[in-house]
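Several structures are given next for inspection.
In the two assemblies presented below, chain A is common to both, partnered first by chain B and then by chain C.
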Partner chain A sequence: MGRRVGIVGTGQTKYRSKRRDCSAPDLVYEATSSALADADLNLTDIDAIVFGLAPEALDGINSMDKWCADAAGARNKSFIRVHTGGATGSSVANAAVYHVASGMFDTVLAVAMERVGETPDAQTILNRIYDPVVASDFGLNIINHVAMETSRGMETYGFTEEHMAMISVKNHLNAFNNPYAHLRINVTVEDVLKSPVVCWPLKLLDCCPRSDGACAVIFASEKKAKKMAPVPVWVNGMAALTDITVPGEVRGGQEQIRMTAARAYQMAGIDNPKEQIQVVECYAPFSSLELMYYETLGFCERKDVVKLVESGFGAMTGKVPFVPSGGVMCTNPIGATALIRIAEAAIQVMGKGDKRQVPDVTNALATGYGGSPGPGSASFVTVMVLGKK
Partner chain B sequence: MMDGRAITTMLNAAPAGAYLKDEIRVAEDGAFALIMACLRVLSGHFTNSLVVSWYRSSECADNTFHTVANLSYDPFFYRPFALNDVTAHAIQAQRYIYKYGISERHAAQVVKKNRSNGVNNVLAHLRSKVTAEEVLKSDPISYPLKALDLPPLSDGACAVVITGSKHATAAKNKRAWIKGFGWSNDTYYSGDKELANLESLSLAANKAYQMAGITDPLKQLDVAEIHDITSYHELMEYEALGFCPRGEAGKYLERGSFEINGELPVNPSGGCLSSNPYTATGLIRAAEAALQVMNRAGGHQIAGARTALAHGTSGFCAQSNCAFILSANI
Partner chain C sequence: MSNNIELLSIPGKWDLTYNYTAGETISKFLIEIRDNARIMATKCTQCNRVIVPPRSYCERCFISIKDNWVELEPSGTLEAYTIVTYKFEGLPDPPYVIGYFRLMGADTTIPHFLAGLELADLENARGKVKVGMPVRLIFKDKERREGRMTDFRIEPV
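Coming up: the complex of A and B.
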């Protein structure tokens, strides 16, 4: 299995609805230079760059990677752009791992960016990921598709709108500990339940914001990583899986997540996630999706999901904290979001989490999710296991 | 963005056979997807990989392609100048003419060569010969580019299968060894680089040459399939790829070096000037180079081709470039 690969530094921008203070390349530069500073490296130490950007229609600039290449330090370097929808960030990380594991490069920068704030209506654009003949015309988009997935989940998992609200309250509380987080607001269960219905059962406070921002992570070969970082973070398991939904079919992505996690766990030697993993940064832009991860990532049986939520299993004080950063529900620059999960998981292993640090982390889990298991579309799931050893 | 879909792979993952497989999409020319597949196999994570690239130019109505192309430029500095895939490349061609004294007739000769090669390629989009005179007399589009200096806009797709298995059992005429590959990226800002030199192509090619042990490409290569986004770019590419010294592409062309029966036949398939499914065009170059060393190129086979070069480009003014060396011998 190729060479071992480690993470030696991460960098993030401040996330906002609209970063009016800067342009797209400025965001890339902000994340890139902050990752270089974190790893105490210069641009000359970087051998290749992998760039991530999701639907460019969101930003209104076609192939914007070309404009941003200079800001990522990619002049006269190997540079390639990856785009797998919401999973773009984690696909970028996977691609960076391949760069290093292949033996062709020692140090590779993964950087991903999105300016969702440039579009007046992201959901109109995301409607264009479904089958153009039989599905798009019905006005299907990510929110109403997840609403259907959620109402089905309420049936199969037995959770209620209150349980979803509890997840939302926990994540918004966590975001206060993350200096980069976009939404930093006090939210109670009552606030969530009373917030406007976006598409039942999803209320406004069950949903993620639209953010501008960028994230960068530096990967290095085993030899280099040991020299570069006091605590290198090892990529011990990774898996990605694409599922396809035929026109007419509407379903959830739960089975796909289970399968992807199983592959990554096998690679990392994880057979009891609840005991072996100390923190999870899952890709859950809606409260109901995080809830279902408890089961699909192997932390409990389906019937126990409700019990786990009620007992505060995923809270900062719980057994395995889920999204100490506040997660996607508080920050969502689409193309960068899945890379932020990996950066935050790496920060936890490095022990650099400050107020959001979970004690004694030896293994952290990060997931990514792109596309939609909706008619005539495809969905991408990625799972990465990071460890101290 | 060109096909009106937010995430193109969503519709095409199924026909590409990605069901429950690890799929990744590279948002560049298809030749860069082949690079990603090579890295994935070399990383040890995968053994066999399928690379698919497609494009439907017809999804963009007549003139909207260039409008969308204009949207590839930043809204502040370049977009207001109406730069697009044609005008930006025209500026580059002008610079090339100015710097090296290349003539419009040289470019016309490239079109004549590629279009007559395309006649022998059963898959080519345009299969009709043109004379240099016809090229020179074709409608001016953006000086010095005339209608026939530009590639057509095509619909089409290409797929390549690679394996990292030590036990590759494919018959001799069904395999081509990837001996070297490289890719590089130049600055986005046209004013900050020498437009006539295609620096990132030189860097990409040198990496591929180094890996494959190529020191004299003109002599060691038997055939090349290069991404001729315009006739002038093919000339610039000869130089950046080291087929001839800087500024001498015209001289070598006059000598017939790159003709189908020349020292180093370039684009025997007819190249991009004969078929241009935009983002799939670079991967087609790699597929054509593979067919040549497998001795399976049919009507446009170069007799005895053992070593071939393939080139793909992405971004305007050839900002990103990649190169592959394929060989019949391991």
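Coming up: the complex of A and C.
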């Protein structure tokens, strides 16, 4: 995979439904300067910037990368924007790794932002990601698309709305341990089940919020990383794939995640994830999606998913905690979200997780998911394995 | 985060006009719906997958299939669904059922509303919708068809 690459610092903004105190560049500056401070670096140490932003209509400004470039520290440096929908953040990280692994740059800053709070209904915008001629008449958007995946998943995995609610309760509880998290609310299984149905089987408390915020991660070559960081976090495995398979077709969305994970695991030398990975930051904006990751990321067989949820496998006290940060269900600034997964996984390996720290992390997993496999759209799946060694 | 400063914002609105080009393959597909009440698909000459809405190429074999048309029966199965109960800005008024439908003989699915259900009682409606249930296509009368996916509705058999 070219040169070895390590993470030497991370930075995040506080996430809120509307950060009225910040302009868009202010948010990017907040994340970028935090990452530099975390790594104890100056902007002069950064050789190139990779910037992420998802569909412009969410923010209501075209090509906001231009507005934010200086706030990302890009003056007189190489700067590119990456966009793969919800996977934007992890694609930004992948691109930063490619920059360093190739030998072209030694130290690269990945930063991604979004302000979903600028518009009253993000789903109206996400309806416009599909083929305008054959698909737009039917009100498709991400929530009802995931609801359709979920109705299939309930049949193929055998999970119920109660199991989804258990995931929601766990993640909302975890968010209290994360000082950056957007939603910090106490939620019971009953609350989730009684929350308004949005698109059955998804109810309001099965769904993520719309957040403003930005996240930054600094990647460096092996030689530099060893000098810069007390505990460099190594990118030991990574994979990304794209597909256009629509629900109901053979080899649907879940199979794509399985394939991506298998490729990343092979690179990282992971053959038994349950024993080798101690924490997972998966990209699950909806409770039902996390359930299915238990299988697709190789932590159990399909028939055992329900058993794993019921036994609290993914809880902070469980065998492998899933999303100690509260995850996407509690914070979703769309273009930054998948980079937050990588930042949070790196924080776990560095041992900087404070109240959300999982003990003895040597390997952490972060995933990203973007797009929507419907007519005129594609899905983007990413998996990254981070390690202490 | 703020220091007791009054925080301002100004309103904005995007109001843009487009004319979306269908292209040759989708034009033929929509014209067949409009003029002949027929669903036409393209079929890959290499992997034999039948694709609808039709594409001019097979993304897996990466060959052009734009001249290899097959006609599909106006029936199929419901592969995935949701009952939408929330009013999204600019999207249809709830409740409605959206599904991905696999037409008989097709390897892909199409999105559409599942029509013909009484949705006043959602619990009752939910019991009547099942993944795998058979459905049929019912075309509008010829004079009302305009070359769009809404020229037909899909109902349980």
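Definition applied: the second predicted complex is superposed on the first by the 381 of 389 C-alpha atoms of A that agree within 3 Å, B and C clash if a C-alpha of one lies under 4 Å from a C-alpha of the other, contacts with A are read in each partner's own complex, and residues count from 1 in each chain.
Here is the rule we use: contacts are C-beta pairs under 8 Å (C-beta built on N, C-alpha and C of every residue); 3 or more make two chains touch, one makes a residue touch a chain.
Treat the numbers as computed from the prediction; the structure is a model and nothing was measured.
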Original post:
Fit or clash for chain B plus chain C once both are placed on chain A?
Top reply: fit
Original post:
Touch check for A:144: first (chain B), second (chain C), both, or neither?
Top reply: second
**OP:** Of the two partners chain B and chain C, indicate the one touching more residues belonging to chain A.
**Re:** B
Original post:
Given the touch rule stated above, what does A:364 touch, chain B (first), chain C (second), both, or neither?
Top reply: neither
**OP:** Return first, second, both or neither, reflecting whether A:239 touches chain B, chain C, both chains, or no partner chain.
**Re:** first
Original post:
Thinking of the overlay built on chain A, is A:197 touched by chain B (first), by chain C (second), by both, or by neither?
Top reply: second
Original post:
In the superposed arrangement, does A:305 touch chain B (first), chain C (second), both or neither?
Top reply: neither
Original post:
So, does A:169 touch the first partner chain B, the second partner chain C, both, or neither?
Top reply: neither
Subject >> Touched partner set for A:19, first chain B, second chain C, both or neither >> reply: second
Original post:
Touch check for A:350: first (chain B), second (chain C), both, or neither?
Top reply: neither
Original post:
For A:53, is the partner it touches chain B (first), chain C (second), both, or none of the two (neither)?
Top reply: first
**OP:** After the superposition, pull out the minimum Cα separation from chain B to chain C in whole angstrom, please.
**Re:** 6
Subject >> Overlap of chain C and chain B interfaces on chain A (superposed complexes) >> reply: 57, 60, 127, 130-132, 244, 246
**OP:** Please give the residue numbers of chain A that touch chain C in the complex, ascending.
**Re:** 14, 16, 19-22, 57, 60, 120-121, 123-124, 127, 130-135, 137-141, 143-144, 147-152, 155, 196-202, 244, 246-250, 374-375
Original post:
For the complex, which residues does chain C have touching chain A?
Top reply: 1-2, 7, 9, 12, 14, 18, 20, 22, 26, 29-30, 53, 59, 79-86, 88-92, 96, 98-102, 107-113, 122, 126, 131, 148-150
Subject >> Parts of chain A lying in touch with chain B, wherever the complex brings them together >> reply: 1-2, 23, 53-57, 60-70, 74-85, 91, 94-95, 97-99, 101-104, 125-132, 239-244, 246, 256, 259, 370-372, 376-378, 380
Original post:
Which positions of chain B touch chain A when the two form their complex?
Top reply: 1-2, 4-7, 9-11, 13-14, 18-28, 32, 35-36, 38-40, 42-45, 68-69, 71-76, 182-189, 199-200, 203, 314-316, 319-320
